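Structure, as structure tokens:
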Amino acid sequence: MNEPVFTLSAGPTTAPDRVLAAQARPITYHYDPAFLEGFRRTERKVAELFRTRQDVLLMQGEAVLGLEAAARSLVRPGMPVLNLVSGVFGKGMGYWLAAFGAELHELEAPYNDAVDPEEVDRFLAEHPEIELVAVVHCETPSGTLNPVGEIGPIAKRHGAMTLVDCVSSLAGIPIWPDEWQLDVCVAGPQKCLAGPPGMSLMTVSDDAWSAIRANPAAPRASFLSMLDWKEQWLEGGKFPFTPSVVDVHGVEAACDVILEEGLEASFERHAQAAAACREGARAMEIDLWPVSDEVAAACVTALAVPDGLTDTQVRDHCRARYGVMISGGQGAGNLVRIGHMGPTARSLYPLLGLAAVGRTLLDLGAPVKLGDGLEATLQALSKIEQVV
Amino acid sequence: MNEPVFTLSAGPTTAPDRVLAAQARPITYHYDPAFLEGFRRTERKVAELFRTRQDVLLMQGEAVLGLEAAARSLVRPGMPVLNLVSGVFGKGMGYWLAAFGAELHELEAPYNDAVDPEEVDRFLAEHPEIELVAVVHCETPSGTLNPVGEIGPIAKRHGAMTLVDCVSSLAGIPIWPDEWQLDVCVAGPQKCLAGPPGMSLMTVSDDAWSAIRANPAAPRASFLSMLDWKEQWLEGGKFPFTPSVVDVHGVEAACDVILEEGLEASFERHAQAAAACREGARAMEIDLWPVSDEVAAACVTALAVPDGLTDTQVRDHCRARYGVMISGGQGAGNLVRIGHMGPTARSLYPLLGLAAVGRTLLDLGAPVKLGDGLEATLQALSKIEQVV
Amino acid sequence: MNEPVFTLSAGPTTAPDRVLAAQARPITYHYDPAFLEGFRRTERKVAELFRTRQDVLLMQGEAVLGLEAAARSLVRPGMPVLNLVSGVFGKGMGYWLAAFGAELHELEAPYNDAVDPEEVDRFLAEHPEIELVAVVHCETPSGTLNPVGEIGPIAKRHGAMTLVDCVSSLAGIPIWPDEWQLDVCVAGPQKCLAGPPGMSLMTVSDDAWSAIRANPAAPRASFLSMLDWKEQWLEGGKFPFTPSVVDVHGVEAACDVILEEGLEASFERHAQAAAACREGARAMEIDLWPVSDEVAAACVTALAVPDGLTDTQVRDHCRARYGVMISGGQGAGNLVRIGHMGPTARSLYPLLGLAAVGRTLLDLGAPVKLGDGLEATLQALSKIEQVV
Amino acid sequence: MNEPVFTLSAGPTTAPDRVLAAQARPITYHYDPAFLEGFRRTERKVAELFRTRQDVLLMQGEAVLGLEAAARSLVRPGMPVLNLVSGVFGKGMGYWLAAFGAELHELEAPYNDAVDPEEVDRFLAEHPEIELVAVVHCETPSGTLNPVGEIGPIAKRHGAMTLVDCVSSLAGIPIWPDEWQLDVCVAGPQKCLAGPPGMSLMTVSDDAWSAIRANPAAPRASFLSMLDWKEQWLEGGKFPFTPSVVDVHGVEAACDVILEEGLEASFERHAQAAAACREGARAMEIDLWPVSDEVAAACVTALAVPDGLTDTQVRDHCRARYGVMISGGQGAGNLVRIGHMGPTARSLYPLLGLAAVGRTLLDLGAPVKLGDGLEATLQALSKIEQVV
């Protein structure tokens, strides 16, 4: 099987050359003083991306590890928890919260829409016992974004902590734990940060640490333990186990790339790439999955698959025929997704994605206005000050 | 802080250039057909290294993850378990087994010696209720090796399963799950295989799967779940979560390097490097930590630190002064360790390690016969048919 | 200055990851036995690409070095030489031939057309004294191709040797020294072979060697000497000077990539990419530079720049605004060029190039039918069995 | 054939990881603005290494190219030239000077000794017609160093230009064109700079340019032309031909490594590594080739091969048996050479080299005091403030 020519998936995504090169750096012993320095430097760089003064944890394992660790650490059996659901990742978090013993409440939005912060406010007012609100920032499977910047302060005002899945946001969409008063955030390096999958980049507030320390059910002496990292590493300088040296090298380089570019510049090009992609899709007469541009995420554009076709057909034809790897719906619906993450959120990548999807749809018998769509995408890109 | 010039630690160890290059390969989407093929190819290559027909799991997370997952999966609350302890890793496994609800029995050997299989046989004869025997193959922190090849069949004869920590053995010291009738083996890629840290390479027997499936306490829907990998990936072709693409690339390349060399050749040079190192240490009049050559592991030579000095002093001086990173005792005793793993188990690496340690000891005031030791090491190396 | 996002130039071109990785292999001593083996292996692989049994020389220095070396080696002062000119490279060769003492004859074709073999035949019939015919296979600066496969045998029939500049053809367009009876061919690795610039890949016939040995003006004891390589390296196993180890590693990997794919498959995709690009340009109403598809080269599409604009303007805007690096006219005319070389001769690269150029022309005020052009390109690509 | 485990040759030498990584950077078009910037940046960095305000030329081709180009550019037929010979490279330069038409004078020193500056002074006083003095700084094949810092001003005082072969000095041994009034210097990146072979790093004084411009025999419109680079690139911004992008990337990274370390620090560790190696060789009772420590070069230690053995035997056994690649005598005598260049001029590399050579000599039947020698080397290294 040939390697893909272009990876425009919803993550793991195309990584910059500097990240790849960093992953080829010699592997060192984890207690080598140069590695210890590098690990701490990486923590600080991740903190810069979050603009936070909270503790940063670099846990080993794809973001699912961080989410599970956070949920297990925060949820005390019997704890009243509000889970906000607007997609499959939110839904999945609910299963975990319940499994870990929470008294689970859920507010649901359709999977092509976002949670309404006023509804959250009302619910919390009616349920002052809620101690924790769980929310997904970007529901990557359906390309939508929840207003975490509004939800965080609401929760805090009602005395509840927040557990935020911002796996695909970091470095591409603003996510500010301090300003938004978020307690635990879990991001992944393999999305807008364009690093290697394999780590959970987390922020933890003092409130969260207090709750976790007080929670007898919080994992201890476990690969899933946030407390081990806090007590052994952050406070004691000893790793709970061998960190994944290669991923750490990759994550640091990915942070460097974004920090040198500037966070604002990165946010802007993610937003512009997504807007140009939506513009093109509309002109091509492909339905956008999100109910409105307001709820559409900047890191991925979800396109409805026309009736009679499946996401898998489209994704597989696109890859097999044109060498372009996009993502399917991952359970969120009959949709395909073009990622705008890291390097693919610049230059002509949105055009590439649309061209591949559009031509694929034609090949599979679905009518699309291919030329109009591509022209519209380029038109949108041509108006951007700096696409490179 | 300068990067180390030579990494002769007990792992993560120096990786071959091919492994580093593989880690710089483009990151692909985890459902890219090329990655799917590569993942399965890597499973088969790991199976070849174990010479096994059992299931192979490539779990994400340093070997500690695999060990915790295995212990949690196998141990049913109240299950009678025998834990064999000859070092800190064995000791630590006992804490876990107990924490997960086992009725724990332990046989202990001094931390510079190995478990006696006859004692195991006697114990199991006296305790026919034992359902699981946990044992560490190579106690890396103290450089000793337990006779797992004898213990496995003994356990099986007594109707007990085995859980084997062979983290540092794979590719450097024979470990044969099928021939030795082992039920769960957990190896790490960052030792003799000389790949990236960040994965657990596991074999699982049918007996083990039966026990795990029957165990209500076995992790499910969790990062720690072996069952998720079995049911979703091995049987369903869906990853339970995003695999760490970069580590997988590195592990496959590391397998390729060893498979092209030949496992027997690899075993031989690990044994020879360790023997030459011990030869030199003796001539240098540094005490070897293991009680005898018979229990000394081929992948790491543990040297007693002279009275009045600490392992940290020796390790840090060696690194700061000579750029050579070795390992300390990691709780096993006042010892330092020179790794013979992957690329460092060939050529003049054993000499390098001894020269650095020997000169460090002189610098710190401990008398050693430096010239004699180095001469003896080279003498030993010169007798080897092929050190390259 | 940002790095380019896409390099679609006429070479040096985008190299495959395997080539880049090979260039990062440890640098070895040039007499290291592994390097000696690798150098000879690379010679054989280059011979395979040429399907030749002639000597292959891997001279150090971009193809201009090989061309100069060949011209100096072959041209005896006073030697009657026919130089075929259909572009700037052919023209430049004439300056050299004259400077090195040839009695120069030239047949010229317009710079958007090809040499007519019948005219060559007639000329040689009228000038039986001609000892050498110089011809450029692909005139990369103007994107045209000369019928070297016809010219070679004609020259041989008339008793003349041939000196062929096939710098940009190798691995992308058939070039057969043996079948076509060519005496000296000079190719570059940085074009369709998609390797590093910095070497001249040459084939030399026995006739050519005889002529060179007999030529007192042929360079000897010089960086420009083909004879040094023949006598010292090919016949004596000693390098005339240190080879560029890194380039050799890159060239070998580039050969591997093509040989594993298959030469025919590579030729096919170069031809298809160029055809799709021309198709799109026509639909976009951009004038193709070559007078006809018959003389258009498969490795690069030359597009006429509309009146009122310069090639530099177009090239620079395209790079600055969209991050896509294309090539200008390099003296051949007011044209820009989209390369189809190595990795860029597959998948949607032709679309990328046209989108960038087309949108740039619009930005600069020249009317193009952007959507129609892109649609036509994709239409053409969709008909290809395998674009990946 | 296995790759070497350690490359301790006299160049090409072991390159730092950063250099290798830079060589794997994407290949760009040579007129890409980012490459243009990088090329100029590299020129400035090379100028920094030479601490010069003169023009720097980065010619393509191993240093032999630069030496030939310089000799051809400077030598006018009939020009009286003094060539200083203390080894095979000096001797070879004489052949060229004569071949290019110089009226050649030579002062010779034994091949294990250095040129005497007073003798040069006397000769030039007696031959005021001499217009050019050619001298080799480090005679790498015999591990000796000529006092170029004294010879430069002497020549200038007598009205003669200097052509300096400092191929192996740059970044390891002070070489100051401005302070020492040198006219053309030619260095190689693959020695102490530890970059890729394949380029000539040159400095050219205004006096030299005047002479070259006035020389009708100076190469023009040629790969060997310094004038082309001056007029087309330095003054016109156009490359005479495609530069070797990959080598340029590697050279820049190699400059970065040294400039970040600091030139003085680099000089010091080269000197210390060589001194420790000589110390060890003496204790081992191997004869040093250079007649005294004063004339011994810091970048390579030449060791006399005992009677009855050849340099090839020693070199090949050392490589085949221990995986350590050293250099033979390259025509300078029956000697082998351990390089101290770039990364190998630090840490325990000198010990490694001596251990390999010493044990090889024992294997081949020559008596050496192996232990004493290694002990002495380590003793010397232990006295250095900072070997890492």
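Letters A, B, C and D mark the chains in the order given here, with residues in each chain numbered from 1 onward.
Basically, a contact is a pair of C-beta atoms (placed from the backbone, for glycine too) under 8 Å apart; a residue touches a chain by one contact, two chains touch by 3 or more.
Quantities reported herein were computed from a predicted structural model and do not represent experimental measurements.
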| item | value |
| --- | --- |
| Identity of the chain that, by mean CA position, is farthest from subunit B | C |
| Between subunit C and subunit B, distance of the C-alpha-averaged centres to the nearest whole Å | 52 |
| Centre-to-centre distance between subunit D and subunit B (centres being mean Cα positions), rounded to whole Å | 45 |
| Rounded Å distance between subunit C and subunit D, as computed from the means of their C-alpha atoms | 34 |
| Per-residue overlap in subunit A, given as positions that touch at least 2 other chains | 2-3, 17, 21, 24-26, 320 |
| Category of the chain touch graph - line, ring, star, complete, other | complete |
| Subunit A residues within the subunit D interface of the complex | 17, 21, 24-26 |
| Subunit A residues touching subunit B - in the complex, by the definition given at the top | 1-4, 7, 9, 11-15, 19-21, 23-34, 37, 60-65, 68-69, 95-96, 99, 188, 190, 196-198, 221-224, 240-247, 250, 319-320, 325, 327-328 |
| Touching residues on subunit B, where the partner in the complex is subunit D | 2-3, 5-6, 17, 24, 320-324, 343, 346-349, 351-352, 355-356, 358-359, 362-363, 370-372, 374-375, 378, 381-382, 387-388 |
